[in-house]
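Shared between the two complexes below is subunit A, which pairs with subunit B and subunit C, respectively.
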Partner chain A sequence: MSLLLQGVALGVLTGGLYALLASGLSLYFGVMRVVMVAHPAFLFLAAYLTYTVHTALGVDPFLALPVTVPVFFALGVAVQRLLVARLAPENVAMMSVLLTFGLALTIEGLLGTFYTGSYKSVSMEYATRSLTIGGVHLPYDKIIAFAVAALTLAVLFAVLVRSRFGQALRATIQHREAARLVGVQTERVAGYGFGVGLATAAVGGTVLALITPFFPASHWVWIGKLMAIIVVGGLGSVAGAALAAVLLGVVEGVVLVTVDATWATMMFYVFLFLTLLARPQGFFGGRLAHRF
Partner chain B sequence: MRTASRGLPLLVAALAIAYPWLVPNYYLVYAGALTVMYAAMATSWNLLGGFTGYVSLGHSAFFGLGAYGTGLLVTRLDVPWAVALPVSALLVTVFAVGVGVAAVRVRGASFVIVSIALVSMMNLVVQGWRSLTGGSTGLQVPSPFPGLHRGQTHMVFFYLFLVLLGLALLSWWYVSRSRFGAGLRAIREDEDKAESLGVPTGAYKVAAFALSALFVALAGGLYALWFGSLDPIFMFSILIGSYMVLMSLLGGVRHVYGPLLGALIVAPAGEYFLIALGETQVHLAATGVLLILVVLFMPEGILSRLTRGRGGPSIPEESAGQRLEGAAR
Partner chain C sequence: MARLSSGLVIISMCGLALTACAKTDEPGAAPSPGQQQGPVKIGISLPLTGDFSEPGKGIQEGYQVWADRVNAKGGLLGRKVELIFRDDASDPNRVSSDYESLITQDKVDLVFGPFSSRLVIPAAKVAESYGMVFVEPAGAAKEVFEQGFERLFYAAPAIADDHYDYLADYLVKLPEDQRPKTAAYASLDDPFAQGTAYGLRDRLAAAGIRTVVDEVYPPETTDFSPIAAKIAAAEPDLVVGGTQFEDSVGLVRALQELKVQPKLAAFSTGPTLAEFPEAVKGAAEHIVSPVGWSATSTFTGNEEMVRRYKEMFGGAANEDAANGYTVGQIIEAAVTAAKCADPSKECQDELTEHIRQGTFDTVVGPLSFDDKGRPEQAHMIQQYVDGKIEIVLPEQAGTADLVYPKQEW
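Let's turn to the complex of A and B:
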């Protein structure tokens, strides 16, 4: 029983990070109808940059954020403006996947060249201890990861709901032509949307570096997991993605403590295929998801 | 023009058959066999990608399954290799029908996601099922021709892959002239309209998916017999799947020889990078950059560029309705 609780607790904590990353994917999909396969590759790029900052300067990994977040925002705007926006409009869905897939390969290759293919990790003294509540051990690094992810998500939601930029962004997601008619500069907004998405990857990368060892090729596992999450949640639905992220995080955590790591990862694909068979548009997806 | 379009393939075929006797060393025979293998796989990928427009990044799943199927039948059940190869490919095709039923329910981007998930899943299964597949330590398959030395084996497999490539090209040609092919093309142009015109889109898509899996599985089986050593990380790598896509796109997905042309460019370039730079990760980055460039600047491929304005592409670009009427007559 306590084993099960442990699994659930760890699952919720990991689910927070999944939710943050999946929300970035939903954002890209919303503004450009693009499935950004390179999102996890950028996540690992951020993790490696955090590693460099931490080892070269010896500072806390979170101090890398003031550098990586603006850089990634700029990168995101550049990716949208220079690459995605140039695709021919008739086949954006397929071509954008291939384009971002090419980006992912490029980043993986460069990371492998500069950092070699071996495992790297960032370990902080505070991350090795754990909090024990009622027989359930919660490692501090996982708690910090969850807190940072939840905080970032909260800020993201606040920006989307409260600010003028958020309104313009949501208008662009809901109906591009209509948004343009009321004076939203949709091209610029879409670029900023990509920037915000990649900025969440920068935060996620720092968190990831803290909680797990990483190597360049491991972003493929994350693509599989995140894609499963957004398909189960319904493409384009930020709230659906967040719910599916926590749900799948819990399933993963429970299977991880009761069976083994292989089956824990496999559960993502099982849920992916079950969702496709039962409800191809995803469980929380709205109007958008039907066509993709 | 007419003699060129008839004569050129014959000339290329003759050159291909003579190739192992023209090159000075066995390394080039090996590189040639590898290129022909990729050409066969890309052509087979194009049976799905070119006709229906469904881009699969996960065809390396069928490559790996075909290889492991053949390898396991030979090593665990002592089946002769000539039987194991087609049996394994047929089993993979049946499996592909099952996957296809789930996968082609979604379109566009979701389909690509599913295909990526398929590779990751198969990789996990084969690595995890240690008692059967040997897990990450790999599976050793005995050579089918123990009497031949390494170079002669390369030569035999060069011709075996050439036969496979011929079969894949023939099926593409045959499908492109059939009612089935017309239906698939209608799906590419507008799936909803095709369905309302009475094309059994679901069944056609699953059939195309399975057919393209069949030849990739055969290539995988031949690869297993050729190399004799299987490793799940390589066999189910996303890179092999992306090579098939890159080659087809580069050459031109709407042409029967498009993937072949793409393979003739990409595979030797890959081998050259391997020799020039050694086993580094740079080739990954190079593949990625090439893919980005092709997608941005030449999504229709080289052959479309070349034939534009003179004679048109080898498949007539008609609307879905026109094709169906023509095929029904």
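Let's turn to the complex of A and C:
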């Protein structure tokens, strides 16, 4: 019983991390129908930058964020304006897979050139201790990851719901032509939307650096998981992705402690499959997802 | 018309006969006196890019250090050694065509093996089909030896299943009250990693040490906490990981977080890499691992290899380089004994025969092989003691005593 509780607790915390890592993906797809295969590559790019800041200056990895977040935002705007915006609009979804696949390979190659292929890691003293409540151990690194994810998603949500930029972005997500008719500069908004997506990758990368060692090709194992999360959550819905992430995190944790690791990893694809069969727009996807 | 077609038949038959002649001529032409004077050409395909590029480069450096030493001494049978490298990009298809062209186009005298079981098998198939002796530095999985190869030899102390033999001996011999009673195993779904963990599991289970957790996780696993939670619930005396790098670090961290304190923790591969202590901080202390080579051992030529490596590449030699060097040492001994180094059947047969019968002094210790090309020795066991890697088993090669039970991490 306590093992089951432990599994659920770890699942919730890991789910929080998944939500943070997947939120950007959901945004790109929502705004621009772009399937961003390179998102995990950017996560690890951020992890490497965090590693550099941490080892060069000897500071806490989270202090890298004031540098990496603006850099990634700018990078996101640049990627959207210079590359993604040039894709032919009639088959963006397809072509963006190819484009971002190329981006992912480029990033991996550059990381290999600059940092070599050997493993890097950021290990903090607090990262291997845990809080024990009623026999259930909650690792601090996972708590931190969950808290950072919650905070980042809250900010993202507030921006999307409250700010003028958020309204313009949501208008762009919902109906591009109508948004343009009421005076939204959809190109610029799309660029900023992409920037915000990559900014979440900067945060996610720092958290990842804290909990796992990495090497240039680490990103491949994340693509499947994160894609499954946003499809189950409903493409384009940030809140849906967050809920699906926690749900899949818990399912993974529980299956792992009750059955085994192979089935736990498979759960992502089982859910993906069931979603596509039963509710292709995703469990939390709204009208906009119906268009696909 | 009938005449014409019979003429054609004759012409094409002549053509066939000619090509047949050309084919049979080739092996005969190889050991001609002219070629004997040239360098000994050794063909090698390695994964210099792609998944295995790091270990691939290590092996390449080992080969180069060996060639450099041999040439400094005047070469093999008085002929200089020339290494011809191809990059197979970690691709099993490329590796086949590389060896094909090395043997048929470059007409190399000898071939050395590539890195990793996945590439060794297709490469050995090609070498075998041309009757070339095939000593390889990195194909330890069981499957390599189940293909019916007759000229393949693995130049390291032991195949995966035997890596923990010395540790198993040690644990089984402990007095009843100190002996661990339960053990938990977690292994990556990979023939090599599983081989190491299961080799130990089977031996300990036979000695009455109960298996309380036996987990296999796929390579995509990114979160090790739930596996650690399972191990925590079973409270084992012994934790064994059939690991590579990321998962060994992930498991150690997760076990710490879930407050698992075993009497002994053993992980394959991860802890033998230089990045490990940095990644797990103080938790590395007293972790044990099987290791095929040690920089400080006094086996034949080891000191010289370490020194020469430093001169040539500037850093500290690693196990991959040592494995490459070992291949060279075995071939060198065989060539010297057989007094030939050419691709002819007679010479390759003689080399194969010699390697099968002999025992070779190498940087990883004396090596001999069974009829499938499996090495018959065992890996040493290393342990982090006071933050340094020490060889703790077997006792005669040891630089420190095994610390058991381990300190808490």
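As a working rule, the second predicted complex is superposed on the first by the 284 of 292 C-alpha atoms of A that agree within 3 Å, B and C clash if a C-alpha of one lies under 4 Å from a C-alpha of the other, contacts with A are read in each partner's own complex, and residues count from 1 in each chain.
Criterion: contacts are C-beta pairs under 8 Å (C-beta built on N, C-alpha and C of every residue); 3 or more make two chains touch, one makes a residue touch a chain.
Fair warning: this is a prediction, and the values are worked out from it, not measured in the lab.
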item	value
Superposition on subunit A - do subunit B and subunit C clash or fit	clash
Touching partner for A:T265 - first (subunit B), second (subunit C), both, neither	both
Contacts of A:A88 with subunit B and subunit C, given as first, second, both or neither	first
Which superposed partner A:V221 touches (first subunit B, second subunit C, both, neither)	both
Partner chain(s) touched by A:L3 [first = subunit B, second = subunit C, both, neither]	second
Touching partner for A:L98 - first (subunit B), second (subunit C), both, neither	first
Touched partner set for A:Y119, first subunit B, second subunit C, both or neither	second
Superposed model, subunit B segment overlapping subunit C, candidates 2-10, 20-28 or 254-262	20-28
Contact residues common to both interfaces of subunit A (with subunit B and with subunit C)	112, 117, 221, 224, 262, 265
Contacting residues of subunit A [partner subunit C, same complex]	2-3, 6-7, 10-11, 14, 112, 116-121, 123, 125, 127-130, 132, 137, 139-142, 211-215, 217-218, 221-222, 224-225, 252-253, 256-257, 260-262, 264-265
Of subunit C, residues touching subunit A in the complex	51, 53-54, 189, 215-223, 225-227, 229-230, 232-233, 245-246, 249-250, 253-254, 256-259, 273-275, 278-281, 283
Of all residues in subunit B, those that touch subunit A in their complex	53, 55, 57, 102-103, 105-110, 112-114, 116-117, 120-121, 124-125, 127-128, 238-239, 242, 245, 249, 280-292, 295-296, 299
Touching residues (chain side subunit A, partner subunit B) in the complex	29, 33-35, 37, 83, 86-88, 91, 93-99, 101-113, 117, 216, 220-221, 223-224, 227-228, 231, 235, 262-263, 265-266, 268-269, 272-273, 276-277, 280, 291-292
